[in-house]
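First the structure, which I've put down as structure tokens, then a few questions once you've had a look.
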Amino acid sequence: MTTTYRDALRQAMVEEIERDENVFLIGEDIGRYQGTFRVTQGLFERFKQHRVLDTPISEPGIVGIATGAAMMGLRPIVEMMTMSFSILALDQIINHAAKIHYMSGGQFKVPIVIRGPGGAANQLSAQHSHSMEGWYAHVPGLKVVAPSTVEDAYGMLKTAVRDDNPVIFTENPGLYSLKGEIPDDKEFTLPFGKCAIRHEGSDITLVGYSRMTHVCAEAAEALDQDGVSAEVIDVRSLLPLDAETIFASVRKTNRALVVYEDWKSGGFGAEIAARIQESCFDYLDAPVGRVGGLNVPMPYARNLELMCIPNKEDVLAAARQLLA
Amino acid sequence: MTTTYRDALRQAMVEEIERDENVFLIGEDIGRYQGTFRVTQGLFERFKQHRVLDTPISEPGIVGIATGAAMMGLRPIVEMMTMSFSILALDQIINHAAKIHYMSGGQFKVPIVIRGPGGAANQLSAQHSHSMEGWYAHVPGLKVVAPSTVEDAYGMLKTAVRDDNPVIFTENPGLYSLKGEIPDDKEFTLPFGKCAIRHEGSDITLVGYSRMTHVCAEAAEALDQDGVSAEVIDVRSLLPLDAETIFASVRKTNRALVVYEDWKSGGFGAEIAARIQESCFDYLDAPVGRVGGLNVPMPYARNLELMCIPNKEDVLAAARQLLA
Amino acid sequence: MVRMRAFEDQSVRAFRSGLAGGYLHVYTGMEATAIGWLSSRQPDDPIITAYRDHAHALYLGIDPVVCMAEIMGRAKGTSKGKGGSMHLYSADHHFYGGWGIVGGHTALGAGLGFAIKYKGGNQVAHCFLGDGAANAGVFFEVMNMASLWDLPVIFIIENNEFAMGTRLEFHAADPEMHKRAEGFNMHHERIDGMDVIDVRRDAQRIISNVRETSRPALIEVMNYRYAGHGAADNDQTLYRSQQEVELAWKRDPVHRLANLLTEQYGVNKQILEKIQREAEEEMEGVYDEAAASPKPEPDEVYSDVYTDMQPERGH
Amino acid sequence: MVRMRAFEDQSVRAFRSGLAGGYLHVYTGMEATAIGWLSSRQPDDPIITAYRDHAHALYLGIDPVVCMAEIMGRAKGTSKGKGGSMHLYSADHHFYGGWGIVGGHTALGAGLGFAIKYKGGNQVAHCFLGDGAANAGVFFEVMNMASLWDLPVIFIIENNEFAMGTRLEFHAADPEMHKRAEGFNMHHERIDGMDVIDVRRDAQRIISNVRETSRPALIEVMNYRYAGHGAADNDQTLYRSQQEVELAWKRDPVHRLANLLTEQYGVNKQILEKIQREAEEEMEGVYDEAAASPKPEPDEVYSDVYTDMQPERGH
């Protein structure tokens, strides 16, 4: 079936709500208001307040309540209006939800999904444009995924809901209207910890996730025209990370460029780059390159904002330098 | 003068409080109770509540109040009882304090210092043992320092207080009783963004900061005995980062190992490693190695806890592998 | 009030025409609150509010062209175009912003009060927030500290009955939000916010009390927002009826003041019409001037991150 | 109570002897609160508290050896030695911990109430917190939601008059902390916590009311901690006088109950002495057994991070 990223997310939630009575949605303006990005459109009317709960603006409290409920067996899906607001709930996420299973010696499980738009949209300014996935991927006890395709959005959200651990599920706002196919199978799920190869190639490996996968794919097509064959790897799941697939590609192409929207310095791309050179040192014909967001708070003016977010040209320039 | 890391911090604060009437301390149990790690011992009696303020347990509120006060020209030093509690205040730190200068087009300054013990101490368990400096060093608008010596603690804290930007100042609890010299000069300050070479060598560069600098130094001495000459670089300031000094060392030794206590995956050591291989690729005889904390919530049991924190043996093992 | 409203009309126009982006929230319907309140401040009192900040900025005297330029992301804007609609600031006018994280700025507001007290000044800090913001945990933390430490700060809840698409009764266990100060031994009351004269009278009383005692207060001002939550909120029927909005228009503070002026003070209607017309013309001019002003230079992206250095450059 | 107190004596002994590390907080002086309250719960009611959790764990019936083993970081501990003194848990006993971030667990407590309501159960969630914790922002957020959504949860402030070294009056703008529920349209009251019979009577009344109405409540129980904040708190004169502590000992809940039993119920003093002796002997045995039990295997460090996978291994 052809659908959009947004609708695929919604369908996954509908199916999981219907499958398991413990699954429910909780978040700000997700019910009556239909969600600010309309991901939850129609669900309040369909499932009523019991399963689709509007909350006050209280991110720490919302995540904490969902976590406590999860300890008693419920399976909450928390929508963050934007992932930038999850910063307020970080103590609940990383110092409570992520640690309960360990601190209780395995007695309690926390099957909670925290999802929402992450990354820059369109002039939302400095406080609303964060890419949080790199921070989360640093935290043992969490799983962190960032699907780039409609099928992945669908299959990985279903996996997330069925996972017994806290899952951070980040959706780049630029992807919501993306079109794609999903299978007609309510039991369709996609495992975490598997990269996908989006474009095969032999001269350089471009590693991206979320919307940057598409930027990498565009760059790969432009490189094709230059006669350079680029392989595009979609990381999909940052934690667990399928490093082996990346390594296998780099051992073939001998060059790697990691692309991410988050601030370049200290972003998760640094981890990927560090691991590639650790494991593929003898195969590398050039240093592992990185393209990341500019190291500045996101400016409002559109011309400045566009400078901050990596685009095809930035990737091409970096790739050409590695190939030179 | 010979003193301890703890006393040097205190002396720096005393001198800055006396120098500038806008400098004050604020935090939990820093006054009457003398501070949980006794860094502020005696200061409440000496400077009274006006300059040394005990607060309720309200980290977000404390940091926010200090930030607002800083916008009006005060220079607060906020003590976090442990840096783990700064997680509650992250929204105030990274989404307010760090962005004000930029968002206001340079109209407002935020001369605030947030300091306290960061990293594992002794069986404080999962919720109290965080190394936060890597996260902070990812955030443009913050400066982040992690001094390892008594002199640095003294000189860098004075610099931090005089800086017009928000500074995260992290103190490993294992360092408080460290002894060392400080100059007899109230105007002594140490600039941020300069690495220090703690041990010269020519065969491998060990890069560390905070307490791990000492672990590297121990390892370097053990390597000396093996006839291997290791250079130990103390990063001191993560943001700004003096990458050039690190690069210069690696170009000499041709091998690098980055050591940090934080969880290995996604820690700031990944950024350092990524940068080294980007800039020194042609000089490297082995991949840039990393030694980090185990990727698990900190366990309580002492035998498990000790496994998590990198020690001399871990560094030696990794160094020998790179040298092999 | 008519200038504010005319300004907001132009800011919405900027959004519609694509000259402004992101989130843009207008103050239409709530004018009596900001004007009544701010007209009672002392000129050097620090003021802080959330993202619905155009009215406060204008009233404090910031040049409307500079505000509009900011909203359009231009170099001559209050923040050189880096802040946008939600993040207006002016140190010269003691305007401390302009903030996007709901509730977050209330801590800064308490900090302004803290600095006043620390320095021994006689100002009062005025911190505006929404009804939705009064659910944020940090707000309670700072109410406690403000009271504990006798900070001269007033928290003014602009209760427009909605937090985005969530009606007061669905987000507040007790819709009388001023009662939240009860547990902190802090003065609190609810006042009407649709009549600018009433607001001014109440504000004068409350502010001078806070200034004298250095005891903080929580004031809930009841008003209503006529526009959608933000300029992109295009289906208000999701959370309120057309009827309800029409009924609320009957309480329009601009009309109310106009009626008062014509009926009680015998002001000629034509004068009011002239004021209205002039305001509209002024703000059209403001729009044009801002729209014609230059965008920030590319290298501006790296400036103002720090006071004394630049961040690591490049992708 | 005497078992609890004897257990705490042994846990302090473990700390002093180096068998326990980190932060260790004993409940001595506050026993009437946990016992009076928990004796009134329904057996399947979920319970949650902060780091001062030994007493709650013991009263709920968790084997003292297993608790002590946890405190000593041993494999047979409640959390296999990975949690420690602050993080005792027992799913079997509906004991949801044992938490170290002050105030953070109150959100989880509200979540327990949420789950009860969602599933249509008739339990009540009991969430204990300290007076210091009642200043944490998240606590207010969840009070609001608990009331808004009619969650069957009771927040019990164990007000022992201190948050570490900070006295109540230095941290709370209004020392009657129960009033903090006032703004949330929630039942609140303050009760005495030094007499176990009184606590039990009040708890029964309050709990059955919450169970019937599914309306949350905030109860402030006044007690006193005789010990230092934690086992490492070795200079209590910094924040209270010897005199004050001695005076508080006069209200000792253990003595109070003993007096009641001997004077009103004619219980023989020797019986009480025997109970005391037996408790001490039992807990010495507990200490020895826990101390003799094995430490966790090294590979345990990687287990229980996830339910279904291991993290990336190695340094």
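When the chains are written out, they are named A, B, C and D in that same order, and each has its own residue count from 1.
Simple rule for what comes next: a contact is a pair of C-beta atoms (placed from the backbone, for glycine too) under 8 Å apart; a residue touches a chain by one contact, two chains touch by 3 or more.
The structure presented is a predicted model; accordingly, all values stated were derived computationally and were not measured.
Enquirer: If you take the chains that touch chain B and keep only those that also touch chain D, what is left?
Expert: Per touch definition, common to chain B and chain D: A, C.
Enquirer: Could you tell me the distance, in whole angstrom, between the mean C-alpha positions of chain A and chain C?
Expert: Each chain's C-alpha centroid was found; their separation is 35 Å.
Enquirer: What's the distance between the Cα centroids of chain A and chain D, rounded to whole Å?
Expert: That gives a centre separation of 39 Å.
Enquirer: Using CA atom averages as chain centres, what separation in Å is found between chain C and chain D?
Expert: 45
Enquirer: Which residues of chain A are in contact with two or more other chains?
Expert: Within chain A, the residues that touch at least two other chains are 55-56, 58, 60-61, 84, 88, 91, 95-96, 102-103, 125-127, 140-141, 241, 265, 295-297, 299.
Enquirer: Of all the residues in chain D, which ones touch at least 2 other chains?
Expert: Only 79, 81-83, 87, 99, 101, 104, 135-138, 141, 144-145, 148, 170-172, 305, 311-312 qualify.
Enquirer: With chains as vertices joined when they touch, what's the shape: line, ring, star, complete or other?
Expert: Topology of touching chains reads as complete, every chain touching all others.
Enquirer: Using the touch definition up top, name the residues of chain D that touch chain C in the complex.
Expert: 135-141, 143-148, 170-174, 176-177, 179-186
Enquirer: Please give the residue numbers of chain B that touch chain C in the complex, ascending.
Expert: Interface residues on the chain B side: 24, 50, 53, 55-56, 58, 60-74, 91-92, 95-96, 100-109, 140-141, 143, 163-165, 193, 240-241.
Enquirer: Touching chain B in the complex: which residues of chain D?
Expert: 20-23, 70, 73-74, 79, 81-84, 86-87, 99-104, 132-133, 135-137, 163-166, 170-172, 238-239, 295-296, 298, 300-302, 305, 311-315
Enquirer: Going by the contact rule set out above, which residues of chain D touch chain A in the complex?
Expert: Against chain A, chain D makes touches at 46, 48, 77-83, 87, 89-91, 96-99, 101, 104-112, 114-116, 118-119, 137-138, 141-142, 144-145, 148-149, 303-309, 311-312.
Enquirer: In the complex of these two chains, what residues of chain A are touching chain B?
Expert: Spelled out, the residues of chain A in touch with chain B are 84, 87-88, 90-91, 94-96, 98-99, 102-103, 125-127, 130, 134-135, 137-141, 239, 241, 263, 265-271, 273-274, 277-279, 281, 284, 286-290, 295-297, 299.
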